[in-house]
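Below: a set of structures, written as structure tokens.
Next come two complexes, and both contain subunit A; in the first it sits with subunit B, in the second with subunit C.
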Partner chain A sequence: MDSVYVKRNKAGRINIKAGNKVNSVINTTVISLTLLTVIAFLLFDYTGLDIGRAVVETASNLKTMFLQPAFSHFTWREGLYQLGVTISLAVLATILGAIIAFFLALWSAVNLSNRWVSKAIKIFVAFIRAVPTVLWVLIFAIAAGLGSEAAILGMLFHSVAYLVKAFSEAFEEVDKGMLEALKSTGAGWWQTVTHAVIPSTSTYLLSWTFLRFEINFSVAVAMGAAAGAGGIGFELFMASGFYFDLREVGFITYAILLVAIVLEMMSTKLKQRYFPSAVK
Partner chain B sequence: MNENTFKKRKLQTTVFFIAIIAVSFFSASMTDFNLIDGILTIPSAFIWMGENLIITADTLSKLPNIMEKLIETIFMSIAATTTAAILSFFLGVAGSKTTAVNGVLSAFARLIASFARNIPVVAWALILLLSFGQNSMTGFLALFVGTVGFLTRAFIESIDEAGISAFEALTATGATYFQIVAKAVIPQCLPQMISWILFMIETNIRSATLVGILTGTGIGYAFDLYYKMLDYQAVALVTLLIVVAVIMIELLSNHVRKVIL
Partner chain C sequence: MSLLDVRGLNKSYQTDAKVLKDIHFTAETGEFLSIIGPSGAGKSTLLRCLNRLVEADDGEVIFDGQDLRQLKKKQLREARTNIGMVFQHYNLVPRLTVIENVLHGRFGYKSTFQGVLARFSEEEKERAFYLLEKLGIEAHAYKRCDQLSGGQQQRVGICRALIQDPKLILCDEPIASLDPHSSKIIMDYLKSISEEMGITCIVNLHQVEVAQSYSDRIIGLNDGSIVFDGSNLQLDQIYLKRVYGMSTRELITV
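What follows is the complex of A and B.
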């Protein structure tokens, strides 16, 4: 039997008053989101939009795309190669990101590090996360020139920020007793890490890294389209923006969809195996 | 555990690392990526940022214009998220094992969500751009589709997780399906759902920047414009404003989350 979760206040009593704080916060959030949405629709810029025509056109475009996919500006080999480039971008950003994030996470986990160092890293990481990936890629592109270096560095920044958060939470959950036991034998910090922290968290670390890889694949597609990083995303951008070749757009979309679904199935398996309780 | 177990484990780890290194080298050759060059770029990139991404008094004259674009983007992400949440709620109720009306409808809801989620937002933006043109609607719809995909999965998981007991209890009292959904499912799952909606608003502001670059709307357009005009002071201002907006929304939603969860 699974127990029913009951919300309690600080004193441990069940909250039964009609207008408690939780309800009022929920109501305020819902009402303000609704109001903001209404305002948003009034503020939108509708220049050149004929909604009826646009919907009909999109429907027929989608029909052409998904029912008659074909490719004309590249061959099978090239298409596969471009898909490989996108996956490779994601692989490199993920692996390098995981290595850097591993060390930063060690320093930012409160049980393994100094409180101030931990805080500093956490603030730094929050800042990196707040800047959209595409802006990082474009900013790096000025210094490194357009190409894989800028794309990978830009994606790397976000991957590091994401993984540091996930890794340091995993490290913070390491059993306190285990760390103390090792400390009492006279083990140094690094020995504690290699013999207690890594063995007990390695499956989590690998799962999180794979989850990030799934995200990085779609980011890599986006970077190809928006920042000229190459790969299948760039082909998609060319097919829709320059050749107006809907069948090719359809073909590319199917290719991306296929890879994304395979990755999602793999990560769902991983989640069920290693994080049965966490939803994220 | 004996000696052999350790040996076997060591072998597995070694094979795993060799595989990872091989994949990395293969990927690097696919993308022409040079690790040394890449690492060397980082300091020069930061020096460049320090020298060029400076906000001067001159740039501040562009502030009203940029603010207007930023507000457009924020509103676009909120509107896309809330409208998507309404659709996702119905899809979530139809798709969850607890509340599924029938298997076909449930599979259909899951299929739509998977389709919407796994085609990247950029692809939706480019597809919609062809017939909707350069206006807020294109970005809104692109974000909307992606959000429906993500939120439907999240809502299905929230409803599944809440368990079947309340649903069964109300069924026993003779309540109709809609009464059960309104009185058992919504009150139980609403905090979780709001938490996901807030998370999605944060994510969408970042995605909206990307979509804006492609569809020529909002803050993404402002960034792209100044970037192409090589006006790096303005680029710095735009980036800074995005960071401030994202962090403010994150703090606000963390506060709400702390109270309701």
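What follows is the complex of A and C.
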């Protein structure tokens, strides 16, 4: 006998997923995207393109770039210095961002703040996050001019928004009972924050900050190239777009790759340690 | 005059269903008072309405001569220092040490600044160690709380309440997560707190036998109403049926 709660599909088999609608929407989306991709390739304009030659030339360019890296427009010391500039941009944006985000996150965590203040901050921050970092840099460039100031401001803006979300989620995970206990002793808000919330979340806050630093490093490289923020990104821009020096492009790419790999390794370690469920 | 005098307390959460219905009772200094009742009867809500972790809809909570429900934020903090609370899940800060957790009980006496910087006097620290010793866990003072067993954590919770120098301690199912042996230790400590230190204990319990062997007085709560208020001798099968809607014999086998 079937109870009214059992759901069956058309073939009469029992469903174990709650919503059928979500699944069918996802399926439709995937199928239409696949179709669109195929159609797009059929509609491209291929005149004047010799596929064979294109492939060979690309391969030879890549070979020069990555198998014979060298630098000619700057010295070792300058190169390292420019790399340092990029890392500093990222560090500055990350640390300032983390400090500002910490306070905003406290006020946007529903368990620590007023419901309306929390909502307001969350909406504001979601709006900032929805606009890409590069656009923020360009917006700030109107006031500060293209350069490292605009880049830092833009990166800072986006870092704050990203970290507020991450931090406030960490704060909201804090055990409700713990806050209740502190409240019942007569402890005030700041006392509860410093002695219950921070000790319980500090490792998460540090990990998120580091993860953001990793992102900010790559953004800083891009900003050097796109917004004249200086650093290794600018050298990369000059080498590729100005000198057409493929070997130098290769060299700079390797340098960036090296830093990125080190950061990636460190953040993987952090993730394994503190967010085991996030690592697949 | 009674230490605590609760008059006409009503509470409903978002829905219209009333969780507490016209609650009247008093508690004397040094009294050990148990509140029993089935799960969902409103025991936790009642306890939290007393120290205003939950705001009641109307009624009076007269504690030590003042109506707590009339107090402004700052006065409420001050009043709360006189009311300790012990929880089923201990509610300690797991990453901090035992001694740090005990000292959290002093925050109510401190300015924001002193509290944030954890400025505790030597007397306060000595008092904390004295209490840890009294509850037999001074050896663990510098351990992180998450390394302690449940029974030990609950004793830390009691120390945190005691260091407040309270006149009243509210215990929400203090032994519901503990094994029988640790439960007995905790109940014995709570009993001695009320007898030796003259601190009133109001304890939510769901084990009738435990309530009967420790309490001076028992309040039976069912569906938000007080259906029994008297000594454990008066709590017979007829009343138990009113509290739980069935006899204890059935209750124990469930």
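What we mean here is this: the second predicted complex is superposed on the first by the 237 of 280 C-alpha atoms of A that agree within 3 Å, B and C clash if a C-alpha of one lies under 4 Å from a C-alpha of the other, contacts with A are read in each partner's own complex, and residues count from 1 in each chain.
In this text, a residue touches a chain if its C-beta (ideal position, glycine included) is under 8 Å from a C-beta of that chain, and two chains touch if they have at least 3 such contacts.
Here the structure is a predicted model, which is why all the values come from computation and not from measurement.
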Quick check for you: in the superposed arrangement, does A:175 touch first (subunit B), second (subunit C), both or neither? second
Figure out whether A:105 sits in contact with subunit B (first) or subunit C (second), or with both, or with neither. neither
After lining up the shared chain so the two structures overlap, which partner does A:185 touch, if you call subunit B first and subunit C second: first, second, both or neither? second
Taking the superposition as given, does A:45 touch the first partner, subunit B, the second, subunit C, both, or neither? first
Classify the contacts of A:196 with the two partner chains as first (subunit B alone), second (subunit C alone), both, or neither. second
In the complex formed with subunit A, which residues of subunit B make contact? 20, 23-24, 26-28, 30-35, 37-38, 41-42, 44-45, 48-49, 53, 71-72, 75-76, 78-79, 81-83, 114-115, 117-123, 126-137, 140, 154, 157-158, 161, 163, 165-166, 190-191, 194, 197-198, 206-207, 209-210, 213-214, 217, 220, 223, 227, 232, 235, 239, 242-243, 246-247, 250, 256, 259-260
For the complex, give me every residue of subunit A touching subunit B. 2, 4, 21-22, 25-26, 29-30, 33-34, 36-37, 39-41, 43-49, 51, 53-54, 57-58, 61-62, 65, 81, 84-85, 87-89, 91-92, 95-96, 126-127, 129-135, 138-140, 142-144, 147-150, 152-153, 218, 221-222, 225-226, 230, 233, 236-237, 240-241, 244, 246, 249, 252-253, 256-257, 260-261, 264, 279
What part of subunit C is in contact with subunit A in the complex they form? 51, 53, 77-81, 83-85, 87, 89, 91-96, 100, 104-110, 112, 115-116, 118, 157, 160-161, 164, 170
Touching subunit C in the complex, subunit A uses residues 175, 177-178, 180-188, 190-191, 194-196, 199-200
